[in-house]
């Protein structure tokens, strides 16, 4: 099954790709590596969650925020490649989790992204990963995700 | 116009490339990707600004610090490639902004780097980007920048 | 001398490669770049140090933690490539150091990783580097390291 068919099967609808609000671009391709700009948990044009893990948000809310941010990244990747079927594999995911003092469950939060990637892409969705605790994030987002994706070469 | 000519036109003078103070190198080339070590806002041999955004520094000061750190990165890139004209494009920029509690305008700070890149490199200066809030940075720097640059292949 | 022989000479014994506890993988190869998942200072199956630099841990302890985390990364790299002799060079190292308020000596901590890499790999161990201050890290680790490694092509 293609990835685009898989999205339909999972009834996942991607949001509009977030537009950079400054002089940068949503993603940049170098060779067969697509570097995606940082994505936040935007849903229906606004941040689905704000605040920090370990104070205003629960791990479950953080997990959902990570899932929503991932949908934003996929929207960018589809916009860049025309179709998600040109994704060869998800190479690396870094999850920056806004963390209040002594919060140490960043991995459980970033799982919201990792689980969705494997759900959609299967084995090719398995990625190298970092989970980190940020002091603050833009717009008081609870999570910002960074993706590096390998694409299928054009000639295939 | 070449990038080196553009620098002259903009009357931009690059500082000496910062020297690593430990067992690492200013930049590392893998294939056609140049990974640059983290750069801080050094000017005239000392940090142009210290402190955190959201407490001791304004967004405007952070913006200027980002611009100065970018000049340091360009100095490293020129040192590695002999000339900035061997830059194919700026692939990704990550701005780590030292952020006091509840500061959420990291993007406005990192714009100081993004704007300068586009001013110098034009379309090829447009990059994927992350803006993040760091708890602390080396030497109390307000910003540390990370660059990935694609270079023009040797045979060209 | 091969890298594996060098490890023997230095009497360095790698720990078991840490196993991801979620839906990600220890490392991901794209072309000749190996992206390693974040490593923590695990030793004998538990965290060798916990806490933050600038409060509960000294720079010397952080340095040792960085060294131990590096051994974990090397264990992953050997597991992925069968042998460390397939490492072409260490491209980039990022050290995320859990930092209490006003701690600014992240570079001295990350030197624990950089020094070991050069000790083992010589010139090919010299890498681009970032040293950053994280608010919090998984499992209260004092450091998390991120590696990008270039591998020797298969055909050699």
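By letter and in written order, the chains are A, B and C; residue numbering begins at 1 in each of them.
Rule of thumb we're sticking to: a contact is a pair of C-beta atoms (placed from the backbone, for glycine too) under 8 Å apart; a residue touches a chain by one contact, two chains touch by 3 or more.
This one's a predicted model, so the numbers in the text were calculated from it and none came from an experiment.
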item: Turn needed to bring subunit A onto subunit B - CA fit, degrees, nearest 5; value: 120
item: Same or different residue numbers at the subunit A/subunit C copy interface, by half rule; value: different
item: Averaged-CA centre spacing for the pair subunit C and subunit A, given as whole angstrom; value: 25
item: Per-residue multi-chain contacts in subunit C, two or more chains; value: 31, 33, 134-135
item: Residues of subunit C defined as touching subunit A within the complex; value: 20-28, 30-31, 33, 35-38, 96, 98, 134-140, 144, 146
item: Interfacial residue positions of subunit A with respect to subunit C in the complex; value: 31-33, 54, 89-94, 99-107, 110-111, 114-115, 117-118, 125-135, 148, 150
